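Encoded as structure tokens, here's the structure I'll be asking about.
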Amino acid sequence: MAETTTHDAHVSSTGLSNVKLGMWLFLGSECLLFGGLISTYMLYRGRVSDGPTPEQIYDIPFTSVSSFVLLMSSLTMVLAVSAAQKKDDRGVNLWLTTTALLGATFVGGQVYEFTAFYNEGLGFSTSLFGSSFYTLTGFHGVHVTVGIIMLLALVAINKRSSVPGSKSETVEMIGLYWHFVDIVWIIIFTLVYLIPV
Amino acid sequence: MFKTGSKLFLGLSGFAAFNLVAYVIFVERLAIGGVALSLVFAALTGLAAIVLLINEGDNERQPRDAALIGASLWPLTTVVGIVLLILGLIVAQIYFILGIVVVLAALAEWLVQAWSESASDDPAHNESARQRLLHPIEFPVIATLGLGVVIFSFSRIMLAISKSAGAVSFIVAASLVLLIGALFALRPALKPALVSGICVIGAVGIVAGGIAGAGIGLRSDLAEAAEEGHYLHRECGVEKSKYFDKKAMKNLSLRSNAAAIVELRDGKLSAIMVGFNTPQQLITASRANPVTFIFRNFDPTERRLVASLGNAMAGAPAAESDGEEADHAGKNETCTQLIPKGAEQALTIKYNKPTIAQTEPFTLTVPGVAGQSIEVLVP
Amino acid sequence: MAIIERPTPVLDIPALPAAPPAITPSRTFGALKRPVASTGWKSWLFTVDHKKIGLMYGATALFFFIVGGLEAVLIRLQLAAPEGKVLNADLYNQMFTMHATTMVFLFVMPMAAGFANYFIPLQIGARDVAFPRINAFGFWCFLGGGIVINLAWFLGGAADGGWFMYAPNSGPVFSPSNGIDFWALGLQIAGIASLTGAINLIVTVLNMRAPGMSLMKMPVFTWLVTVVQFLLLFAIPVITVALFLLTFQRSFGAQFFDVAAGADPLLWQHLFWIFGHPEVYVLILPSFGIVSEVLPVFSRKPLFGYPFVVFSGAAIGFVGWGVWAHHMFASGLGPVSVAVFSVATMAIAVPTGVKIINWTLTMWGGKLVFSTAMKFAVGLILLFTIGGLSGVTHSVAPSDTQQTDTYYIVAHFHYVLFGGSVFGLFAGFYYWWPKMFGKLLNERLGSLNFWFMVIGMNLTFGPMHILGLQGQPRRMYQWTEARAGEGFFNIAFWNLVASIGSLVLTLGILFFLINIVVTARSKVRAPLDPWNARSLEWMTSNPPKEHNFDSIPKVEHLDEFFHRKYEEDPVTHTMRGVATAEQVLAELERNADPHIHMPSPSYWPLVLAVGLPVIALGVIYSTMVAIVGGFIVLYAIYGWALEPATAVASDFDTPSTNGHAVSTTHG
Amino acid sequence: MKVRRLTSRYLGPRSLAASGSLLLLASCATNAPQDTWQPKGPNAKMIDDLQQPVFAVAGIIGIIVAACVGFAIWRYKDRGQPIPEQTHGKPALEVSLTVIPALILAVVGVFTFRAIFDLARTDDTQLVINVTGQQWWWEYDYPVQNEWGITQPIISSGQLVLPIGTKVLLRETSRDVIHSYWIPALNGKRDAVPGRVHTLRLQADAPGIYAGQCTEFCGLSHANMRMEAVALSDADFAKWVANQQAAYQAPAEGTLAKEGESVFLNQCVRCHQVSGLKRADGSLAIAAPDENVWSGAAPNLTKLMTRNTFAGAMFNLLRDACRDDVWRAESAAFGEKYLGGVDESCLNVNDLRAWLRNAPEVKPMYANPALLTDTNGKYRGMPNLGLSESDIDKLVAYLLTLK
């Protein structure tokens, strides 16, 4: 990932490293991905020809808690980045693991939520609301899962101290991704769960 | 070029190919056995190719002292896999598949380990060679497995306990993770044994909880909902039904493009349609095509729009609403939720049979509002 | 290229005389050792060199151009006479769907990506792109996507819903073959190529310019391609969403476009065109860039109004996001939306018109040399103007409701895309061929190529204006005598003319292919600076060395190379030569950088890109296959992440066992 | 450039005095029936009034640009002149050359704006017709409108019949995929989108037949999905309405047509409705296209012989000579000729028999049972019914009675 070899010290540039600039651009692109999915959901959330409507099955207290958990994981991610900048390897591993665990708890909650909804009668093909709800939150869940696997892999690689390129930069980059996924969740939580149809 | 290992695997894959061909010819085409045998063939060919590509044992020297060869996990894992495989043949297919996966994974690991240990005389180089081949797959697989266990266990626990207890235990679990993390961070001098101890307790706890949760199954209200399909029944009477009318939707995301807007205003029901300058009491709707009516309630009491779907010709249903056929009490009708004043809801109906096939007309009515009805004419 | 610093194993041998020969990558890993060769077929397969990747993009795109062209000829043959019998209805529908898909996604986009890959690092004085391995991955994704899309021809029929793939006609009921599944998944994979390419090139341009090259001294080609990359960066995720919805609907029973469940088919149209309209600029802007390079060189004058061209390009990039619904004027959006998008569409005509004006004024007062590249560039100005003006007539929404979905639209966008994009790319071929291959394309054949293409193109697409205004709709596998009319404007005559034109056009393309062969077999090397060019990519050898520049030039002017060759006469204000290209190059060589690190080749981009089509096939046929593909992808991602960018010393074999390591140190 | 000049001259014949010579040519020619430049009603006229000047201006600009480029090519060709001064542009010139087109477009924009909203009006409607598209034909429903004498819904297909000088509003929708309704002489096109109701204003100035074609790609037989709008005078329209609502006349006992009626009851009634048709036991014969066809509908054949086309207007019911007679009739005589309908002497027997013999062979449709797994065995289009030649004789005789 970190490919800095073609870099010359005295080129005209933005000052951001290639990797970080690349990650920012990728996240910019991701905004549009979630934008498209959220728009689809907003268009279709009230179209329930069959099965439950959003308000009927959403469990707001539960989702608030799980949103809070995801937010806390952002906090631990910040701690991991700061540990990386202080070159505190133990701290990096510790906070990355904590972040991953909190993320896993969140995904576990999402699996619970999906199972519960399914049992209450909302399948993927039940209604437009069902299709678009599962697609949107599923995409977000997959993003969190990918993030967790990146975190855990980074811990594993870090333990062998063979992270290619700059370690703190890699941690920071994964941190950027993680915070982005959190922010997207806040938007989803607000638009999907809190605003009534 | 061909040495013992590659010969063995090439032979085995040849044998598997022979079996596959024989199976396809003599037993049946492309049944599950055929798929399984093709997978086995592919796996063995792949292994043979790997063995060939990595120049198996390209060292004329004999392996070094036995002491150099470390302990290996893989023979044991292979055995476990074989046991699972056999168990699967008896009990359930899932164990069989799991067994195949475990056996293949263990064999691959074993193979690479064996090869790397004889790659050179330098154990460090050997280990790094092994890592270079296997780390890319070990890291993500282990991470995914660990993650899967946590996620699965956690969700089983949540499904088993009550809604509010779930939310509470969720936040407790998350806080514990955070607190323990903070503890470790603030006390860098903690004994490694203690750290691992806490971690093991946590892991065992979550797995045990997961198994327990899976054993208990769904909590009662979920199980009941799954059984009865609460939200599938539409009850179209005056009174509020427990599930269907719960938390009625008040706004529409599709506002335009309806065939007609049906308004209940001052106790009168009328249809507003594009192209007609006055409210109508008669709607001509085309046959076999979903028509959307938007119901707007301007009455202070909660009201719903009910569409009678006629009485069918013998046998076939006269019309199908997009929802469940709601023929409670022998009535063929579908409806919106009970909605308060100012709210609106859409009702999409597909009339499959024309009016002339009916003894009673298709109508739109509002329960509790007498004498108001809109006739739907289906040519 | 002795200056490339590589761990030279020659030095290691005396140092480790007793080392057991068993510890070499070849002996340990066999064929699985890290690739390090810079020549031979492996150097192409595992390359991360932006120039090699650019050439592979170009070659593959050219192949798909021929495929798409043959599809077009079949379409025209079918329509040459009433009640055509060359193709049946089903095959015809597949043909026009695949013609558009191929030309848009598998020819123009990757060809532009090829030029961008090859020339952007050269034009900004960089030694490679920011992420060379991602660059290689992008190419293999594009190839994999192209193969998946076209695989459907052999597996039950290609996609048949039109390249716009409107729902619900793209649903499983209305298109029961697997063609649309292949199409959606193939585009998804090709989309990864565009997305990674976009990130890569933007970072390259923003971060890796030669010292002194401020943004406003960048060559226009680089500028416009950068705008294109921003468009792709934000447009690709939108089509990704649309394609996911489509795949979920077709393969997993989602209801997104199921009207009976209350779905709105216009959702697809919005998502598609929010992607699709920026896509139009993705197709045309690179050619604008090429022409903006070619015209100044052959007019011996700088581009007229460089900042206007740059800013109008950026303006197109912005406004291009606000006009998507002009593809949907007949869709029933309601008058307010139609009015807004109508006016926005008129607005975007202004920055486009600015470009035409600037090109014309660049030629004004110049010293015009009509090489083939210049002919194509001037051809673009005139043909694109026609396409642009017919585009303006479409922005008038009521008038558009008469013309949309008729051949008038077909004429419009072929003037824009063929007369614009393709002519621009051909100008690029003739202009940059000596840079890429060290040989000049034959000018005589080039002239034939140009004139046959111009005549063929006008004969083919010109009559389509008439056909459309006479009311012939698009996408009809047949037309009938009964609705052809009589007299000068009868549909029958002009359909025949268009079909004959397509054969003339084919002949033109054939001359180009012959030209490639003739040039490849010729022994004449191109001079160092055949066109008296102006920008940095010409300040190196033909073809460039692996590391592009011996020393990175310091940039003081727009058109730096030109200003190193010429000085202004203070009296006449005309320019007089002060140095030849050879002298400029020798100067750079004298100051060659002592240490140049280039990234090493890698297996992983290719392995990763192979995993994706496997997943796609798995989605269509069997989950097990998809899981296998998933494992390949995971393995490749982690292999990639764990691999250092530059091969370490131990990846090279000693010269006695393998000559590759040494050969890498020779240009 | 040659072609461009041709088109631009053609495009603005009435606006560009310079190309007056071609005006003659254009007016002499019998243009294709779907010519977009010959409005026959106020809506199309409104569009035409807008596009004529726009095309003319576009043509002029095109010629100016071509002339400038041509001049530059000729004047500044390399004749050995020195390399010119390296000027980078003249901002004032640039700005003015940017502002001028912007101003032209602003003017165009104002008129466009007005036309868009005028064409979208629905509040002045005089007659509503529901138009439903499906693969690959159009259904026309006339909702009950007592002021037009329509006291029960009329269903027709193949030809849209409307009174002249009347503001007709089409409410379009579709039963399967997106189609687009387009009668170029009367108005621009409007998509018929399933699940949505879109409106399109039509108004014809004079009696006559106006051709159109589905313009949104809708699958296999998209090319064969045509339409014809028939404009009748008020009096003729009233006659047409009355006839459409007239009771069903069963053929006389013992005739070939009567035998055809029973073939129809055995085969065709599965999908095709004929209003008033009764079974032998006296019960109404109700078609069930929803059980056999994916779109859920098949053309209603009541009064089939009052129409001039069948099979989605792909084929004519009238032989060519008779058809030309109707199409080319003078306005005054048109109504009578059209309302005459189709009789045996004018029937296009060949196409009708070919259609009855094997429909999917003459019009590509999804009728192959192997391809119908995704539709639960329902057809998309008409299948091959395997009728014998004598059955076809009887059916043709019967269909001729549906007037």
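Letters A, B, C and D name the chains as they come in the text, with residue numbers starting at 1 for each one.
Everything that follows uses one rule, which is that a residue touches a chain if its C-beta (ideal position, glycine included) is under 8 Å from a C-beta of that chain, and two chains touch if they have at least 3 such contacts.
Everything quoted here is computed from the prediction, not taken from an experiment.
Counting C-beta pairs in contact, the pair that comes out ahead of the other among B-D and A-B is A-B.
With centres defined as mean CA coordinates, subunit D is found 47 Å away from subunit B. Subunit A and subunit D have CA centres that are 52 Å apart. For this pair, subunit A with subunit B, the centres built from the Cα atoms lie 20 Å apart. Subunit A and subunit C have CA centres that are 33 Å apart. Counting only residues that touch two or more partner chains, subunit C has 259, 261-264, 334, 638, 640-642. For subunit D, the set of residues that touch two or more other chains comprises 194-196, 198-199.
Residue positions 43-44, 47, 49-50, 153, 157 of subunit A are each in touch with at least two other chains. Chain contacts in this assembly follow no simple pattern; the graph is neither a line, a ring, a star nor complete. Residues of subunit B touching subunit A in their complex: 139-140, 142-144, 146-147, 150-155, 158-159, 163-164, 166-167, 170-171, 173-174, 177-178, 181, 184-185, 188, 218, 222-223, 225-226, 229-232, 243, 246-247, 249-254, 322-324, 337, 346, 348.
Residues 126-133, 195, 198-200, 202-203, 206-214, 233-238, 240-242, 244-245, 248, 252-256, 258, 261-264, 267, 271, 552, 597-599, 638, 640-646 of subunit C are the ones touching subunit A in the complex.
Contacts from subunit D toward subunit C in the complex involve residues 1-4, 6-7, 10-11, 25-26, 28-37, 44, 46-47, 50-51, 54-55, 58-59, 61-62, 65-66, 68-69, 72-73, 76-78, 81-91, 93-94, 97-98, 101-102, 105-106, 108-109, 112-113, 115-117, 119-120, 172, 176-178, 180, 182, 184, 187-191, 193-196, 198-199, 211, 213-224, 226, 294, 364, 371, 373-375, 380.
Subunit A contributes residues 42-53, 55-57, 59, 61-62, 65-66, 68-69, 72, 76, 79, 90-91, 94-95, 97-98, 100-102, 104-105, 107-109, 111-112, 115-116, 119-121, 145, 148-149, 152-153, 156-157, 196-197 to its touches with subunit B in the complex. Across the complex, subunit B meets subunit C through its residues 35, 39, 52-55, 58-59, 61, 119-122, 125, 129, 132-133, 135-137, 139-141, 254, 256, 290, 292, 322, 346, 348, 350.
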